[in-house]
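Shared between the two complexes below is subunit A, which pairs with subunit B and subunit C, respectively.
Here is the complex of A and B:
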């Protein structure tokens, strides 16, 4: 007969972690949910009352054509970034594992550098050091080549590309390191056997490397897709920061929500919008997890 | 047995960890008002302040006497040496009364006041910040009107514009300390010829002395920031938001101003704060439209600075440029007024005297709110302060209604759309007017 105490022991061990998660993660979500049903705002700071689902009606009312434009921009942003991120990282990681490459440790150390920098610093460094019309490297090159200066962030198309280049610069190191580790886990003897069977580089990649990488890389790609989808800081700091608005009107769903709910000091409405976004992200997360299981 | 011992130990440690984490989130039992006031101080200061605060809280405010030690904590987001100089003035005057004023620097003061404005245990007693957040705090019901603390007679010499800035819905909530306005600042070594007296002459000078591709400019300005374009907007009779909370982004005067500013923007670099400041400090721009907060960097750069009031430039409609003024005011939190009324009154009374303003003017180029301070010989000889005093005769205080807090975004977006993206003015003005109306509606 099993000892009933053993049944509860694992729960007991996990209790501190559950408590912490409850306080740090669960409580804010529940409290946000509570506030979303009240009229808490500047005019009802201390005397707020329960107002039912009014804030949700208003939050869903914000899902207009602008919201859907932001949604499709976010989808396009995610697809474009992930395609390039995975493709470039795979090529570079494969290059780093090429036979006969010297000083590969130095390259690997240098390549991780952008990932180690705080995002805020990287973004502002790019805004001034690369894209700025007066001090940016790109405009220095343009002027030196006899062209006129260009504001890379003032219109949606160039701004999208500029944000994407920066996002890739920041996210590629992580992806390359993951690919690098995954590549090194592949049994070398499989390549040797393939060579004996007459396989070329393309066939080795297609039939050995890629299938071997899939299981290892799937969680990494899914997690990165997730963070790319809910990207906020790059788009906000490059194009929308107060005092440095660039002129581009490009919006992702998170920047759209921020602009439409979080500057109003209406905490009831902001909380309702947060909960709606939370649900969208949970659905997206469930979908990506399901996709992960199927791979 | 050993296994059980390990299990017990694990549980004990896990419990201790959890308890430690959770208690870290809370406050200990000591007097928290003094605790908040002591975060920037030494441990000795902390003990002293805690003792002082405990002493104060033992008494009912009605029975409080001037002999008890009281520490008044004020949050700010300014230059620390400036705030310390202000505290020194107060502390020297009130030493005999055992009242100490201590300033603490906090990032995002308005955000912090929203969080702590009703939290007597962790919040400050006062804050010093620009007046434009007044309406929001007044609506939140967290401020004590200064009229309940000091006699109006103490402020009789204050510049009327500063009192207007400190007043919301006919109630004066704040006490003005000093004010700032935008100025025309130029590098005497780079400016060639006489100073223009009209904006058209200024534009002609810019057109003749600007080479965009070479990165050299006659004048730089944050041309897509509404605070910096307000001199044009006010001068053309436009407005960002009126006293009733109606946005005016597509009002005729506003559109005329935005349209007029556009041609200047084409000759003024990107318009981002860091960019225009760096251009001026590096000698790549002969002039800049900016405020007194730029002066220390300009002096460090070794620039021989000339200053002119924006009111000295006449617009094509015959009116002068009329900038916003930002009045740095002290606000007293309600809970502090309940427990430290007498001490707060004394601090405000000292700060209302000319001496505080003179100190700030002499050492930090601040324009005092008290007009008596300008009678001091050194203050009267300060070129920057005189320019601000002149501007103050015309300057419009930034709107202090709560709706203003959501207007900066749409107004800046309108300016960026016109100046940077080349959008059509009429359609952009209508679009961002609509956005502003929605943002205001979202506040309710």
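Here is the complex of A and C:
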């Protein structure tokens, strides 16, 4: 630290980014917190007053049934998706790296396609092309095979599974590509010396592959967990979009908050719900952080 | 005897590989079916024959749907908006985040770890939840319906992702290279422009492509904050199309969907070779 200017250099470099994030990300969150203590709604757009913690009392009071249902759906959604995502991606990536598979480049390019498609295009394409009762491919196949038509999105259970299949279809390519890259980054010579030391397939997997994968994959898996947790588009576009409500009442906490904010027009209350969800996310991320450090 | 063993081993191996090939052909096919189906829909005449019948293949091939989308809808207008928004967002997000991620990687300063954690937390916050607050602020500042305002909202949220993604890559570049350049008399600006940016190219390219794709695909803010049809982006316009007029004409929607996806597919596959190394924080050299 000979040069006193050096002390300010990092702040100088960070200033533009911090200003930007402060204004468009942090400030709206704080403002949401501010609104949550007022009675702002459609009729009190300008002349709102402070009503203290009333919205929180109402928000938490409402949380007995609907909110908790949404909350547990979100938890189940995240766990189920991440388990399958990581598991299937690992198997497929490992298979791609099998010795002697010459066409692997072609497979990789084809597998990537769903990742490159715009998400909402994929979702709408699935809603019409796959799940729709009249035009959907799945129902055409069902009918051709002599079964009854089925409405995939009208009941909560099938809707959950349909959303999950779509989510996996959209997120697997990224996971496979990452696993594939991570697998290729492992030093081959480690396996050779392990074989010389008499290690079998299982031991090679357990003591070389998994530890090497962990370092590269941990950030990828954590980031994907967050994306899965706050997934909104799939559930919203498949089941609850204006004009094509499918009949399922499945909600995640994000769609729940969105519905509260834009359907009820009670902005104070919906802001309180948003803040409560933010607190849940903070707890959740602290927990994933600890889990990541322990592994 | 060894000869015999060798042959049976290679036969077994060949069967295994064939099985694996079949498996991956099925996987690829399953993965592509929804996209192929949309493609088929888009070239089929608007009729109900395809829709209700059991047949999957269209009876006649036509590009009329594409023509109608380009001519009858403000498609080119939306395309221009999408390009303005995504390039604008990319410039602002990358301009701010490259400097910041470099600072996070190379300098020591008070609260560095805390700041990184806060950024991660802000990234975990779904922006939909503060959408109303942003909407109200924009209305107060007369920023609704302006591309500039929307660019800043996009840039702010993508800036966080970019800082995290590129910081990891900067970490993996040996600091000795920079020290050597410094000894040779390179200043701060020179150092970044001539040494750091070229070395971090994969991460910077991939991050920029991710920002571009994000803006190209975003529809919720694009339709909430843009009030006039002519200021929509492609994503916003397509979203409105399916919500209003074309809820019954799926061939038309499919054609629009394909048109919107093609630019992204092209960009994506151009930079595919950088994807892994640019997204795994330098942990993998692709």
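Rule of thumb we're sticking to: the second predicted complex is superposed on the first by the 280 of 295 C-alpha atoms of A that agree within 3 Å, B and C clash if a C-alpha of one lies under 4 Å from a C-alpha of the other, contacts with A are read in each partner's own complex, and residues count from 1 in each chain.
The rule is short, and it goes like this: a contact is a pair of C-beta atoms (placed from the backbone, for glycine too) under 8 Å apart; a residue touches a chain by one contact, two chains touch by 3 or more.
This structure is a prediction, so every number in the text was calculated from the model and none was measured.
By the touch criterion defined above, A:234 lies against neither subunit B nor subunit C after alignment on the C-alpha atoms of chain A. Of the two partner chains placed by the overlay, subunit B and subunit C both lie in contact with A:143. Using the contact criterion defined above for the overlaid structures, shared-chain residue A:128 touches subunit B and also reaches subunit C. In the superposition on chain A, contact of A:20 is made with both subunit B and subunit C.
Of the two partner chains, neither subunit B nor subunit C is touched by A:89.
Of the two partner chains, neither subunit B nor subunit C is touched by A:221.
In the superposed model, A:151 lies in contact with subunit B only, and not with subunit C.
Judged by the touch definition given at the top, the superposed model places A:260 against subunit B, while subunit C stays out of reach.
Comparing subunit B with subunit C, the partner in contact with more residues of subunit A is C. By the touch criterion stated above, A:245 is placed in contact with subunit B alone, subunit C being left untouched. Where the contact sets of subunit A with subunit B and with subunit C meet, they give residues 9, 13, 16, 20, 23, 128, 134-135, 143, 242-244, 261. Contacts from subunit A toward subunit B in the complex involve residues 9, 12-13, 15-16, 19-20, 23, 41-43, 45-46, 58, 128, 132-135, 143, 148-149, 151, 154-155, 242-249, 259-261, 263-266, 269. Against subunit A, in their complex, subunit C makes its touches with residues 13, 16-17, 20-21, 23-24, 27-28, 31-35, 37-38, 41, 51-52, 54, 56, 92, 95-97, 99-100, 102-104, 107-109, 115, 119-134, 136-137, 152-153, 155-157, 159-160, 163, 168, 188, 213, 216-217, 219, 235, 238-239, 242-243, 247, 250, 253-254, 257, 260-261, 264-265, 268-269, 272, 275-277, 279-281, 283-286.
Contacts from subunit A toward subunit C in the complex involve residues 7, 9-11, 13-14, 16-18, 20-21, 23-29, 31-32, 35, 92, 95-96, 98, 100-101, 103, 107, 109-122, 124-126, 128-130, 134-135, 137, 140, 143-144, 169, 173, 177-178, 180-182, 184-185, 215-216, 219-220, 226, 229-230, 232, 241-244, 254, 257-258, 261-262, 267, 270-271, 274, 277-278, 281-282, 284-285. Contact residues on subunit B toward subunit A in their complex (touch as defined above): 7, 10-11, 14-15, 17-18, 21-22, 25, 114, 118, 136, 139-142, 212-213, 215, 222, 224-225, 269-270, 272-275, 278-279, 284, 402, 405-406, 408-409, 412-413, 415-417, 419-421, 438-439, 442-444.
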